[in-house]
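Following this line, the structures themselves.
Two complexes are shown next, each including subunit A; its partner changes from subunit B in the first to subunit C in the second.
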Partner chain A sequence: MDFFTTLQAVVNGVLTGALYALVGMGMALIFGVMRIVNFAHGTFMMLGMYATYVLFVQAHVVPYYSFPLVALGMYGLGYLIYMALLRPIHGQSDFMQILLTLGIGLAITDAIQLVFGADYHQINFPLLEKNLHLGSHITVNAPWVVSFGIALVTGGGLYFFVMHTMSGRAARAIAQNRYAAPLMGIHLHRVQAFWFGLGVSAAAVAGSLLLPVFYLYPGVGDQFTLKAFVIVVLGGMESIVGAAMAGVLLGVVESLTSLYWGNEWALAVDFAIFLLVLSLRPSGIFGRQKA
Partner chain B sequence: MSETLLALESVEAGYGDFQALFGVTLEVPEGAVISLIGANGAGKTTTLRVISGLLRPKSGTIRFRGEDISRVKAHEMVERGISHVPEGRQLFPHMSVEENLALGAYVPRTRPRLKKLIAEQFALFPKLAERRSQIAGTLSGGEQQMVAIARGLMAQPSLLLLDEPSLGLAPKVVDEVFEKIREVARTGVTVLIVEQNVVDGLSISDAGYVVENGAVVLSGSSKELMANEQVRAAYLGL
Partner chain C sequence: MKRVAARLLMLALPAAVILASCKGGGGQSNTFKIGVVSSFTGPQAAFGQAHKNGYTLALADLNAKGGVLGKPIELVYYDDQGRPDQAVQGVAKLVDQDHVPVILGAYTSENTRAMIPAVTQREVPLLIPTSVADNLMQTGSPWVFRVCQGSGNYAHAILDFLKHNGDPKTIAIIYENTNFGQSNDTAMREAAQQAGLTVVDEEAYQASSPDYKALLARVKAKNPDAIYFGSYLLDASTLMRQSAEVGLDPRYYTAAGTGFSAAEFPTKDKGAGAYAEYTISVSQWLPTAKWKGSKEFDEAFLKLTGTHPAYHAMEAYVTLAIAVAAIEKAGGANPVAIRDALRALWLPETPFGPIRFDEHGQNDHATLVTQIQDGQYKVVWPPDAAEAKPIVPTPPWNKRQK
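Moving on to the complex of A and B:
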């Protein structure tokens, strides 16, 4: 295989990785602020895909226009789920949170299956046929470029929001010292609900962007929950920048694995990396090493 | 005597089955510096936690400007004008000095004046101005205490609760910190301070309360307490 084939795979990997990054950033946010490993994360992404699908089929709005609406709706849902379900188990064992988020994921997945059935769906619109050529050897499918751009802006916006606004500061304050945060006047649950909603929303946006280039079925989120978990661990658990980089890295590694070893190996390589990082550098590749 | 800013009446509180306060009654006049002194585990920190809403009292009342605040939550207390600088400083360790201060002005009352308030703290603590971009966790103990106090002042409190500001600091640094607290008090902020370092605590205070086994056993002006045989024997080692 020549250089350009490999380069093409890397480009494809970066484009996919940008969406992984968005999913991972959402999970890292949620974990960082409220120490909850959100095992329903992929489910929320799936829900975002279905919402985008319904808007496309019923109202003929393409995902690239409907995603802000989906993001807003999913933010609201995330906020409500936090207040109604997660808030009551605040401060209880991690095991409770794992069970609860797993349960939320299962319930939503089954509800979707009940409403939409277990069939696979795909959407089609003219942009999907367009390809862009970078030089004479590299070709990229137009929807991937658009989704990459949107993911970049969304991820960048999220980063700016976390680092440079009072709301982001409050979230980081809770992550760094949850005892001191209320002494600043920070309403723990309101801030956590807000950021949980935002994390869910990030996953849903990734879902919107993935819909044009992927199959849709009720269980589609499961693999993304696992991927998000791998990404967050690679990225150092609470670092959203780490998660973004780990997401892109995972995309590239998967793409190269598919090219050289075949598609069926991609997920196996994800977990091989995951196990290696957990055993050799538990703080993640991009995380800050804790003393 | 000026008006009473804070008054505790027969406050009882505890953690689960463990009762820490057995009826604490005390008064803090506006503009004063008041010390709570007593042995480890006497209930001084718990008293502050109850005042700032971190812990809900089981019975008794806490009045702030005459209003009962015993059911008000911690995050609402800041907006009302009570800042609690907790024991062990409790900074946000991975944030810069400036960001730590900014969080001090989180509440709506002070947020619009963020820049001006930070400038005020830097004027009061010039050392922090030099270290504004440094990550808080990498500061020395004395500097961290300064950040903790400055962060508390960012909310423009009328009552500042200080829990063991001298904890773990070298004697020279303790002098520096107490000098700053004196300066803060001169600006008109009422201060309620918990100190194991009884001499230093009383030296900057107008009056003090001695807490033992979760209740106030003695009170008086700082001079009276310093001269009191019991206090001298138990806390000053004289």
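Moving on to the complex of A and C:
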């Protein structure tokens, strides 16, 4: 493969990876603060896609304008789900959390299927037809560039929130020691509900941004739950910066694997890396090594 | 862990008892039950819906004529969600619980292949409406009957078309990495080599990915004259959109039917829209087919759904009609008798053409080559069935009108 073909594949990989990063960051947030592996993560992404779809079809708002509204709505839903369902099992075994989040995912998927049917949908607007040429060799599809920009801003915003705000500090305190944090005056459930909502809405924004270049049906999120899981492990479980970098890395690795070995290997390589990291460096490529 | 298991058991037992008591009285029912497995939910739901529409219309027609053996026909649907393990579950449920004497299905070749051992073991005939993989008919099972054509026929039809329309020398095959795709890849590789074409690339892909641009760049680097796709609908749309983005310009875009022959494919709302234009594919049936009943089916389908049918719905329609004809001939719900009736069946006049199964259970059927022109499927080959001239070679993306 010549240089420009490879460069093109890297560019495409970064663009896809930015969306993976957003999904992964949401999952890392939830895991970091709550120690919950959110098996419903892809489902929330799918829900974000349906919300975006409804806004597009009913109100003719393109996803690049409607995503803040979707994010807000999904934040609210995440908050409620935490308060109603996750709070009662607080402190119980991990097994309960896995079953519960899996169950939430199944229930939402079935509810969506009941309302919208099993049929798939896609959306069309003029920007999708636009290809941008960078130099004479690199071509990028405009919606991917826009979604990359939005993902960057959203991801950066999340990072800022975690590092530089009061509730971010509270979340980090809980992540450090969830028994000591409440003793320091942190309202455990309120903070956790807030961050669960935020994690869910990050997944939903990724869904909003993916919708224009993909399609949706009730089960569309499942593959992204798995991807998010891989990303979070690569990124060091609780580090959102790690998750962001791991997401982009995964996008690039998939794209280059596709180019050099063939698309059928992309998923295999994903999971090979996943297994290698788990066995050789369980704290993740980007995570801090703990004793 | 033990306690959890015990609790689950305590919950499951009463549930099983309740379910079992609800069913009851299967043998004495007033309807004649026929089992159907298809993908009504999941990524193949568009095709599952096409199946369901076809079955619904057939059911209405057949019951209007008095059903079968004096009883109204009842279809027992099982949704395999596009997953092979669920398709096998479907066989178990339909035969063991509902006691159906014949099963129609599934949609994908992957799922149908998984069902064959299950029906063979239970000794119930399986009628395959749509799955094209060649290995479905190579299991040696005497319980399998296929109404549609196989992937070998698809490859030969496309190659015959290419030979008489510009005679390309190289071909690349892009296929979904499942039984359906692999079978079309093998069929095309073998047939192309026999026909003297060089297969310059074979690319398997993982279904439902958002990004195939790297794959298409690989194909572009090999510069094939023709491309042959083995794809379902959602990927077909993604592949064509991204082919334009990558600037992949073979002289022929061809495909093994399926996604590239779905009614939704040329539409903007549910398919590739303008990106589907000029693609060449195969079809087993079109609303314009000359067989008696085709037009009526098209009209009834349009009334039911608001759109014209593709061949998948017709295949479901005719498959139910075939099953009922065989049951009528067998004179009862005995699976062995139905199988023997299927084997001897000869239906000279159906909307899908004449039906007769050979010793392997394969129905002999003609394959048409179509091209999308102005958003419509047009038969372009063989010449005696053609309704339009093929537009070849395919105009490059940057010369197309937006």
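Convention: the second predicted complex is superposed on the first by the 291 of 291 C-alpha atoms of A that agree within 3 Å, B and C clash if a C-alpha of one lies under 4 Å from a C-alpha of the other, contacts with A are read in each partner's own complex, and residues count from 1 in each chain.
The criterion applied here is as follows: a residue touches a chain if its C-beta (ideal position, glycine included) is under 8 Å from a C-beta of that chain, and two chains touch if they have at least 3 such contacts.
Since we're looking at a predicted model, the values are computed, not measured.
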item	value
Touched partner set for A:Y50, first subunit B, second subunit C, both or neither	neither
Touched partner set for A:N124, first subunit B, second subunit C, both or neither	second
Partner chain in contact with A:W195 - subunit B first, subunit C second, else both or neither	neither
First (subunit B), second (subunit C), both or neither touched by A:Y79	neither
Partner chain(s) touched by A:L267 [first = subunit B, second = subunit C, both, neither]	second
Which superposed partner A:R172 touches (first subunit B, second subunit C, both, neither)	first
Touched partner set for A:P182, first subunit B, second subunit C, both or neither	first
Subunit C versus subunit B, contacts on subunit A by residue	C
Residues of subunit A at both interfaces, subunit B in one complex, subunit C in the other	none
Interfacial residue positions of subunit C with respect to subunit A in the complex	4, 40-43, 45-46, 48-49, 81, 177, 203-206, 208-215, 217-218, 221, 234, 237-238, 244-247, 268-270, 273, 402
For the subunit A and subunit B complex, residues of the former touching the latter	166, 169-170, 172-173, 176-177, 179-180, 182-188, 288
Residues of subunit A touching subunit C in the complex	1, 5, 8-9, 12-13, 16, 95, 113, 118-122, 124, 129, 131, 139, 141, 210, 213-215, 217-220, 223, 254-256, 258-259, 262-264, 266-267
In the complex with subunit A, residue positions of subunit B that touch it	52-54, 73-79, 83-84, 86, 90-95, 99, 102-104, 106-107, 111, 151, 155
